[in-house]
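Order of writing sets the labels: A, B, C and D. Residues in every chain begin at 1.
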Amino acid sequence: MVGGGPGAGIAETHRTAMRLDDKCVLIAGVFSRDSEKSRRAARQLRIDLDRVYPDYSVMAEVESKRESDRIDVAVIVTRTDSHFEIARKFLQSGIQVICDKPLCLSLTEAKELKRLAEEKELILCLTHNYSGYAMVRHAARMVRNGDLGKVCVVQAEHASGWAATLLEKQGHPQAAWRTDPVLSGDSSVLFDLGTHAHQLARFVTGLEVTEVAAEMSQIVQGRAIKDNANLLLRFSNGARGTLWASMAAIGNEHGLRIRVYGDRGSLAWHHEDPCHLRYCPLDGPQQILAQGADGLSAEAKRWTRAGLGHPEGFFESFANIYTEVAEAILAKSEGRSYVKDELGFPDASDGARGVAFVESAMRSFASGGVWTAVEAI
Amino acid sequence: MVGGGPGAGIAETHRTAMRLDDKCVLIAGVFSRDSEKSRRAARQLRIDLDRVYPDYSVMAEVESKRESDRIDVAVIVTRTDSHFEIARKFLQSGIQVICDKPLCLSLTEAKELKRLAEEKELILCLTHNYSGYAMVRHAARMVRNGDLGKVCVVQAEHASGWAATLLEKQGHPQAAWRTDPVLSGDSSVLFDLGTHAHQLARFVTGLEVTEVAAEMSQIVQGRAIKDNANLLLRFSNGARGTLWASMAAIGNEHGLRIRVYGDRGSLAWHHEDPCHLRYCPLDGPQQILAQGADGLSAEAKRWTRAGLGHPEGFFESFANIYTEVAEAILAKSEGRSYVKDELGFPDASDGARGVAFVESAMRSFASGGVWTAVEAI
Amino acid sequence: MVGGGPGAGIAETHRTAMRLDDKCVLIAGVFSRDSEKSRRAARQLRIDLDRVYPDYSVMAEVESKRESDRIDVAVIVTRTDSHFEIARKFLQSGIQVICDKPLCLSLTEAKELKRLAEEKELILCLTHNYSGYAMVRHAARMVRNGDLGKVCVVQAEHASGWAATLLEKQGHPQAAWRTDPVLSGDSSVLFDLGTHAHQLARFVTGLEVTEVAAEMSQIVQGRAIKDNANLLLRFSNGARGTLWASMAAIGNEHGLRIRVYGDRGSLAWHHEDPCHLRYCPLDGPQQILAQGADGLSAEAKRWTRAGLGHPEGFFESFANIYTEVAEAILAKSEGRSYVKDELGFPDASDGARGVAFVESAMRSFASGGVWTAVEAI
Amino acid sequence: MVGGGPGAGIAETHRTAMRLDDKCVLIAGVFSRDSEKSRRAARQLRIDLDRVYPDYSVMAEVESKRESDRIDVAVIVTRTDSHFEIARKFLQSGIQVICDKPLCLSLTEAKELKRLAEEKELILCLTHNYSGYAMVRHAARMVRNGDLGKVCVVQAEHASGWAATLLEKQGHPQAAWRTDPVLSGDSSVLFDLGTHAHQLARFVTGLEVTEVAAEMSQIVQGRAIKDNANLLLRFSNGARGTLWASMAAIGNEHGLRIRVYGDRGSLAWHHEDPCHLRYCPLDGPQQILAQGADGLSAEAKRWTRAGLGHPEGFFESFANIYTEVAEAILAKSEGRSYVKDELGFPDASDGARGVAFVESAMRSFASGGVWTAVEAI
């Protein structure tokens, strides 16, 4: 693990996700640029101090030379602007990568990571964990099965209320860098939240966003960047839609949701109630599909632990991604052929698509909202 | 009443709304172009056949000359393309008008009706009945009171699933004319549904839509017109938003809803559950405001009949509009000064705004989705 | 109409219900024991003063002697303790009756009214209006059709929060007599609210409550009567259940709901959302049945006016009862055979069943909660 | 761990819960009576085979004699009928216990375990995991804080649909022993499900059930035992309520829920949506309290990992219990005084209360439903 010292929120989520299914063990890392802090974190995590490294570069080099006990995968949970360098280094060293989202901040970099991963046949998993939810997988399966007919309209949102006040001026470190015009810029709301909605839309529908028309605005007065984005979307099959990303939608808890309308049925999923999926067939009443119920797809069953009425949530969705990667690594290590499932964990392609989407949206907005193509990757 | 013979759906709603509060009596009309059908309808409605007229023009002229018992207001429930001529005739004859929405099909006509109504100091009420719901009035009051702070984002939808199949080829008369490329054209989904969402957004927020960027598409294959529209909006105070109008969103019952986010709170209302309003203040938990509960505004109380937990719905919202017009007419007839409340029934201005909005959206779409100004009226 | 002078809440609901479908006209009445108040009410209601009577007895006698224009039915909206005398008088005079619920306060009286109505072949309709909701009718039809298999468990509630404070000491007239130990007694919560839940359970399931075990308690301190009742039920087919009646369940709006579980499926309906019905078949996901949707029963269609997504509520349910009675009266007046539908409006039998149920529950409670038979009527 | 070999559902939940917060490590066990199966399980779980024991008795004796590395606590996940012997043995050997619920099958045994644990000052935690949910803790805190005033009515349910068919005849091992008239008897539905609702009611309200009147029935035809129970409750402060336990309520997912009504407010919690709590104060609108939101109690914050809008569920609630026990053990081991919090994990007292409750309910039912005292323990 690179990053994730004391106080780093998302790293703890990654570590919990590793433990949950008992498929992954954390054995090495650089937990802070400050080596004392890094070692302190390692001690808390009961990691052998011999495998605490001064920086990611040394870690990649040393670990890549270990024999039987080298790390299977490096987990990157640093700030986004460092993802590219770190991921590239590990890939170059022949080490697989799990990287927190978004993949990086430029399409050029994203493509380079994708190219590297493919060239070296290494896994690069991006933890868009929402793609790991059992009912999101089920939704994706239903669309692939044709239960919705041709997808015509997609309404995706990640409109959270987490930064509905000037947190950045109240000592909130996450808010500080995410609203810093230099570090993050206006694209922050799209990189941080928009890419989740974009990935969810792609994952569930199997379609690509080919064009975007973007409008951005500011909700919280005094903030240095735009904190709200409303986008029109065109999809690869001709479907249309909208995407709303916001960090200041008061009263929305987490605010990730998707509604997909086809010409034979519709689906709706909302992260605040992740074990249910609303399905409306053309000829029949609305159905509430519940995780763990009889009759769901193999994908839904595969990623359900306790069964009907026993809610699984954020950590389980994250653990699903980790377990899926662990199984892929195991398959590779055993020489079994490993083919990533269409409905499997997000990878470098997904990451690059996300970056391309944000770049296109920013260009659209800069040019007054004209329809702007999203590069196919 | 002009229109509303046998089988005309919305006319029966108007008549029910008239009766509900016992403030209006139907006493004259032209119920069909076929005078025999018209008289038959009149008999069923127990209307004196002396006041069944061969056409609206005769009706306007004869009624305008009656003394004490002339009609107070003419109700127009014909197809939209005839609204202008009929409304103009009654206004010219000095008779007030209640007109089904949308007001008419061109801005020029809409302005003429508005001008006429103002010049003659006559009421021209447009039955956007959703503005009549107690909790919609309450929402509007809360925004005016500043409970949401500055409104920043407005998400409005009228995405219904009513025409999710080719009803127009299955003998459904409403669907036939609403999807006829000559009679209704691509603007149909905006005139029929979009104007409801537009009016709801304006009514609740007190803001005007000043610019629109529009995208239209088709869900039902084989349909002669676009049946889906996704719009980006800019509002008069700088707020942003989206509006989704659809006639083929499978699984959506009626699909009219609005969410308003300010910098101090947010509100959400959904027509499928019209007696509740979700309110999220910045500093506190989400609240479910219920019609009839203690502590609501005067507007909410004014338009509530039975009280907490006794649902009122579509007909009551419609009746609220009728009763409000009846009271206005009574005030005028008694020489009391009548000033339309900001939160009162929709009128010619609202109707003209709606037509301007549709025209701008159509121009935006025709020009590839560029931001297009909506004329202030 | 007997009763229903100024300020009488439920009378206005009855009058609105009469008007809604334009099948009933109010033409005579005794609106108050104070004849001046009665005449004032009549003027407001535009009723011919010749048909305002000094008391119900005179009204019954005079009206029963009128020829062509005599009233078809007398509506009784007085306080419950006077229902028996008034209803008996009209029935004895050969005039049909619509009576607000509960029918009366003793089983002996209830049976007498039932006997009279049957002997004279007169309609005695009891306005348990919740039996008039389209989706309640649909639920009843589904149970009759066997969609739930054998009904095994019934959970019924009418636990309202309307009197969660000492309203009776704050000048609230309804609360005053409903919590008066002499006028209403501990049985008040059962007569006023429990009978609605009891009727709803019977209507939906087609079963009778054969035994009851009752516990009563007090929520609001200082109240002179019990305001809460929890009952265990045994049904005629062996099903079990509970019934909760309360007038002081804080936060419950109206609080009428029912859940029915069979061995093939289950149903749930809640008055706060009356246009939807939750249906869970044994082999399949939960379905949300919506009023106005395709595929519902004839009963649901019959009592739906505007269609899918256009909410109908309290007044429409009440109007359904009135319209149904109007049609029955019309059938009788035209000499057509009239057979009350099993799923039709509540009548004297239902009323007597309700009174028997309350009496048995009170006896059970008085004897320490032992199972007590409910007389079959 | 005793029990929990291959295929034992709940053991895997316990193990996941141990790992989640990284406070517990599984190091010894008897995973099956078949020693080969036991060793196979140990290998899968990466447990040192030296610490796999032939039976719980040997395990207790050997482990109790180890020095620095002896187990801190024994986890019992066997079938209920063996809980008593195993728990007694570990307690007698000076080893603390975490036991799956219910504690045991007789009150005499339960009291003996409680006595032993107290005498030896050992922790005996009972994994009623629902008491571990952050929002359940918050509910309990609100009641203790007086936010509801005096608790007056408690409606508790654990009415699941898990065994709505004859699973026991379809090779379902859980269903087989839970519906075996010899092994489990009619009390099964109360022991398995009723005790969860009973514990939830006690935990949230801080009240004891002092009397119960019980009715039991059968939903699934052909089943050898009663699978449904409806109970009336009296609480220690005079409050009343009901408890519904069922294993065959079709369409209910898990079916655990509680509603508490006081004279100043009410609360509702439903396991299918565990991160929200409905709160209705007497003077104000209904509030939806959300896990992770600002302003919640220290208890809610303490047991929340990821924050607002990031759902936590079944495994996290279970992990909360484990982590709480781990902290208590740590405190004890460090010589810090450890006082179990009123809102802390369920223990032997809670377990004994649950058994007493079931025994009283069974006696009430056997005697025709008379009110039966529940022994205070």
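In this text, a contact is a pair of C-beta atoms (placed from the backbone, for glycine too) under 8 Å apart; a residue touches a chain by one contact, two chains touch by 3 or more.
Bear in mind that the values here come from a model prediction, so they are computed numbers and not experimental data.
Interface comparison, A-D versus A-C: the higher count of C-beta contacts falls to A-D. Interface note: chain A and chain B, two copies of one sequence, contact each other through mostly matching residue numbers (shared numbers exceed half of all numbers used).
Chain centres here are Cα averages; for chain A and chain D they lie 35 Å apart.
In whole angstrom, the spacing between the mean C-alpha positions of chain A and chain B is 43. Chain geometry summary: the mean Cα position of chain A and that of chain C are 55 Å apart. Residues of chain C found to touch two or more other chains are 252, 279, 286, 290, 293. Chain contact topology: the protein chains form a complete graph, every chain touching every other one. Within the complex formed with chain B, the chain C residues making contact are 12-13, 15-16, 19-22, 160, 162, 252-255, 271-275, 290, 292-293, 305-306, 308-316. Residues 279, 283-290, 293-295 of chain C touch chain A in their complex. Per the touch definition, chain A reaches chain B in the complex via residues 150, 152-153, 155, 161, 164-165, 213, 215, 217-221, 228, 230, 232, 234, 238-242, 244, 246, 248-252, 261-266, 278-282, 286, 368-371.
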